[in-house]
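Starting off with a structure, shown below.
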Amino acid sequence: MFKQLKTITGGLLALCMPVTAMLATSQTAKAADPTEVRIMWYSDGIEGDVMRDLLDRFEKQNPDIKVTLDRVPYKTVVEQLPALLDSGQGPDLARVTDLGGLSRHYLDLRPHLKNAKYFDDNFASSLPWFRPVNGAKDGVYGVMTQLTLTLPLVNATLFQQAGIPMPGPKATWDDWAKASKAVADKVKAPYPIAFDRSGHRVSSLVLDMGGKFVDGDKPALIDDGFKAATKMLVDWHNNGTMSKALWGSVGGTTYRGATEEFANAQVVFYMSGNWQFTQFAKTVAKNFEWQAVPNPCGPGNCSGMPGGAGLVPIKTTKNPQAVARVVEYFASEPVYEEFHARTLFLPAHLGIAKKGINYQTDDANVKKSLAIAVDQVAQTSPVAFRLQGYEHNRILFNATISRVNQAISGEMSLDDAYTRIQADIVEGLAAKGIKLQ
Amino acid sequence: MNPNAHPPSDSATPTAAQRFARGFELAYTGLMRALEPPFAAIQKRIGIKGMAYVFVAPNMIIFSVFVALPMILNIWYALTGSNRLMMEERPFVGLDNFSALLDCKDYLDVNSCKQDRFWRAVHNSVLFVALQVTAMVALSLVTALILNGKLRARGFFRAVFFFPVLLSPVVVALIWKWILQRDGLLNALLMAGGGERVAFLHDASWSFFWTVFVSVWAHMGFYALILLAGLQAIPADLYEAAEMDGTPKWRVFWRITVPLLLPTLLVVVILSLIRAVQAFDEIYVLTGGGPGTATQFIVQYIYETAFANQVHLLGLAAAASLLVAVVLMVLTVLQLRISYHGKTS
Amino acid sequence: MSLIRALTRTRDQRSMHLTDWLTYGFLLVGVVLMFGPALWLAASSLKTKSALQEFPPSFLPMGQKEIKLADKPDPLPVYLVPLASGQSAELALQRRIGLVGLFIDPAQPGADPVRARMDEVKPVRELTFAWDNYAEPLRRFRFDRFLGNSLFVTIVSTVLTLLVNSMCAFALSKYSFRGRDAMFVFILSTLMVPISVILIPAFLVVTSLGLTNSLWGVILPPIATPTGVFLLRQYMLTIPDELIDAARMDGASEWRVYWRIIMPLAMPALAVLGIFSVMWRWNDFLWPLIVLSREESFTLQLGLSTFQGELDTQWHYLLAMTMMTLAPVVIVFTLLQRHITTGIASTGLK
């Protein structure tokens, strides 16, 4: 079918214009000498610059390899990359966040690595996230470029102004909700609690309330923990602990953070994650004191959700050897450490995490928060790790966020939302060839 | 292009714009003249009548390859399932996608539909198109009429109304998001004036209003420009004659302006209708379809189903787009039928 | 009714009537509404990242005053601090401990720091232009490359669109041939179908032709616009056939009839389509996003959106680069503005 299409369209176009001739010339005129490795890379902040800097050094050491870093919008990674991969036109490496969803396109680097054991030893917790269901059980299908962990950020100054003590390290979600509401009422802050509008963030609440998400290799999202957590969210929106101004202002699966509100000291308790530290160092500066706090507890856990972005080699690459060398360089201890020290990301490298990173920041709030985040990674629940490694977790996240939001904005009841969530999951999995029931 | 069409330059040194126009004209003439011999040779072979096909060919070929062919391929997508992109990898599912879309217990109650989001989007789109086209045509007409009058600094005002057209959809959405959000400019102004804060973006009706407003804001200048040109084409002596006769002004408006502007107005209505049906970018960035699904429109539904959601449900999206395309095609042909009948009778 | 009277009035009048007030009132509101946001955008492109996020937003790029002291590595923010003497002074914040801040007098950096409650001090604000928003991305952002790509796409697309659509419209309006009506209905029926709904199959076609990551893949597919053909055909129908017959009598070839007679007379419609095409191609995002994935082939709109990550967007850079992106179109349209309106109007669009 595809071949025929090609000839038909090709024939039609050849009739039309001499454009095809131009294309032919533009395609042959490619530099021949060093092997080229292309990386598709999106950036939240400065990590693209840091990476380019590190790659420049790599190129100097390896004159036979030229690494091109295509800095693309995040939208390209989500919307275009899957189409490119399906049609066999992917880059050699890509920085992606849907680790499981794209995994059938990843290349197992193990045969091409000089020292595969180094990866086994240092990336043991994150390597399974990349492995395709039918892939090699010990395969090295990628390396994290950034480990994220959901955790609350708290405006400490507002607590001080209200004269209310901050709940301690093992406090429950209820404690935090009550305290935040009390603080907000006293200092007239409009948002006692804010959550990023993201299924991933909501999942950490579900996790703490005892949700299990997955049963074996099948999703089992709607359980008592899930119901308790989502009811909590709806109640919070109804009693003013959370404001509809944040989640209510967008729809679908659109992400909506509360960074601006937090930077303007309007949020008491902000459920987000460690990736916010760098920008708050800039936007909050010395206007108030803020810090990350340990994840609140529920009947199930006191854990955040891990996540992040990984650098993955693509199966269709013509130069697996060169790709392996780039990945090995990036994952090597000094380079990996420098990358994280400069970007203030959490490392997925167990050795470095244990040793501790000397982060390049002077901001007292950031320093304090980074320490808590690193400690929280160690306390992350195995359920959370399993969910992060579940290939279809994004289907659960997306269904959760769009439907629960519809319940919050009053378009449907929470029970209807559960039915819809289940239907969305069945539909999504069916498209991937998995039948439920 | 036609040397007579240009006003004679009033000074010896031409302005930049005049020089640009002159250069453009030279390039145009040169190119077209160079193309004359090959086309003349073809014409000798196939005759005057046959030349019609030569003229249509480039457009029809590009159209067939890049518009018609994808639409046909879309049918295959609509009949197949899975999230695979390559057609040979997709299992055939028959009419499953269509029946999923049309599966409603009660078509007026979106919550009873299997694909409730599709139907919400359909409802929203119909309302949006009706409101947006009406507002667009009315406002651009008033603007064109005013800009056509004798005004001080007319050039400046024309430029101002056209300006938003130059902005990209993302920027348009961004500007208005900052104006409308909870602590945005508009609420700041309201509160400075002693008013209450208004939930512009998280109240469903307000949010809907602003999607209409912002898309009118962004594109009105283009239609006002077309209408302005239409107004200027009405011969001035008609108005002068009417004035000499002492005809009342409102009569002049209804008897001269309206009928002579009608063809231009029709173009504006059709163009704005097309744009309204296709409205997507600004709204997607401004509201993301929210709150809930209050501003989710049909193009966004299709786009999200096919792309933005993690599982790309290409079959469902294709089925939805086919349904929409068929409805739009029928409506377009009907509409043109009616407007032609109106003209001939 | 008085408004309508004002609107139809073309003669000059000596004194200001109510209708004039209404007219100028409308224009004033129009200017504020249409131009105000754009000015705000321009001013905002000079705000620092933190000033951009301030509530309520300010119009001008205001930021907190900062002072660089000799013995401190970073500049310190300046506050208006009430002193024990009852007066206030502008002091630099050295450190804050909870609700209390330690302030230094910039004039006497050696003296003991002053303690003050943070809720009693006020930040000193001044006009600060963050030129870095422009300088920094220009250093690493391949603006020239993206600009070149965007110019190429916009110019080539617009020229080809005008050429191809006008040729087709000419044939559809001035010849009678077998299949003409079928073709017209075929094109028309897709008038309202947005390209975004056939994105995937269109991507497949482009892929099978090897046009991904090629600017031609961006340029070619949307060229045969139904809107353009429709617009031009309607306009060309009004051109009298006698002109064509006369030219043929003089021995002009069909091609000559097309470019010497039809095109100049269709100028107004071509101008409308041209503007439409330029604006659309310059600002197009969705289609290039699907076709292009290599940085060297990016257009400006794609380049701009690389400041948008998953979790954070560099708004300050994005705004500054947006202003740079806007500049070429604004310049072109300001230069050609008079020509466009008079050009369209000289023969009238019907």
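By written order: A, B and C. Residues from 1 in each chain.
Rule of thumb we're sticking to: contacts are C-beta pairs under 8 Å (C-beta built on N, C-alpha and C of every residue); 3 or more make two chains touch, one makes a residue touch a chain.
The structure presented is a predicted model; accordingly, all values stated were derived computationally and were not measured.
Could you say which chain's mean Cα position falls nearest to the mean Cα position of the entire protein shown?
It is chain C that sits nearest the middle.
So using the touch definition from the top, which pair is joined by more C-beta contacts, B-C or A-B?
Counting C-beta pairs in contact for B-C and A-B gives the edge to B-C.
Computing the C-alpha centre of each chain, which chain sits at the greatest distance from subunit B?
Following the centroid criterion, the farthest chain would be A.
Let me have the rounded angstrom distance from the C-alpha centre of subunit A over to the C-alpha centre of subunit C, please.
A distance of 31 Å separates the two centres.
What's the distance between the Cα centroids of subunit B and subunit C, rounded to whole Å?
16
Taking the mean of the C-alpha atoms as each chain's centre, how many Å separate subunit A from subunit B?
The mean C-alpha positions of subunit A and subunit B differ by 37 Å.
Quick one: which residues in subunit C touch 2 or more of the other chains?
Within subunit C, the residues that touch at least two other chains are 55, 200, 204-205, 220, 305.
Tell me, which residues of subunit A touch at least two other chains?
In subunit A, the residues touching two or more other chains are 2, 5, 9, 13, 79, 83, 87, 261, 264, 266.
Could you check subunit B for residues that touch two or more other chains and list them?
In subunit B, residues 58, 62, 65, 69, 73, 85, 87, 183, 307 touch at least two other chains, as defined above.
Please name which positions on subunit C make contact with subunit B in the complex.
1, 4-12, 23, 26-27, 30-31, 33-35, 37-38, 40-41, 44, 55-57, 163-165, 167-168, 170-172, 175, 177, 180, 183, 185-194, 196-202, 204-206, 220-224, 226-227, 229-231, 234, 248, 253-256, 258-260, 263-265, 267-268, 272, 275-276, 279, 282-283, 285-286, 301, 304-305, 322, 325-326, 329-330, 333-350
Spell out the residues on subunit B that touch subunit C in their complex, using ranges where they run on.
1-2, 5, 7, 16-17, 20-21, 28, 32, 35-36, 39-40, 43, 48-49, 51-53, 55-56, 58-60, 62-63, 65-71, 73-74, 77, 85, 87, 142-143, 145-146, 148-151, 155, 157-171, 175-176, 178-179, 183-185, 187-188, 191, 217, 221-222, 225-226, 228-230, 232-234, 236, 239, 243, 249-250, 252-253, 257, 263-264, 267, 270-271, 273-274, 277-278, 280-281, 299, 302-303, 306-307, 314, 317-318, 320-321, 324-325, 328-329, 331-333, 336
What does subunit B use to touch subunit A in their complex?
Residues 57-58, 61-62, 64-65, 69, 73, 81-88, 111, 114, 116, 181-183, 199, 201-202, 204, 207, 287-296, 300, 304, 307-313, 315 of subunit B touch subunit A in their complex.
Across the complex, what residues on subunit A touch subunit B?
1-2, 5, 8-9, 12-13, 15-17, 78-79, 82-83, 86-87, 98, 101, 190, 244-245, 248-254, 256, 261, 264, 266, 392, 394-395, 397-398, 405-406, 409-412, 416, 420, 423, 427-433
Flag every residue of subunit A that touches subunit C in the complex, lowest number first.
Residues of subunit A touching subunit C: 2, 5-6, 9-10, 13, 19-20, 22-23, 26-27, 38, 40, 42-45, 49, 68-76, 79-81, 83-84, 87, 89, 91, 97, 157, 160-161, 255, 257, 259-261, 263-264, 266, 273, 275-276, 279, 282-286, 289, 309, 362.
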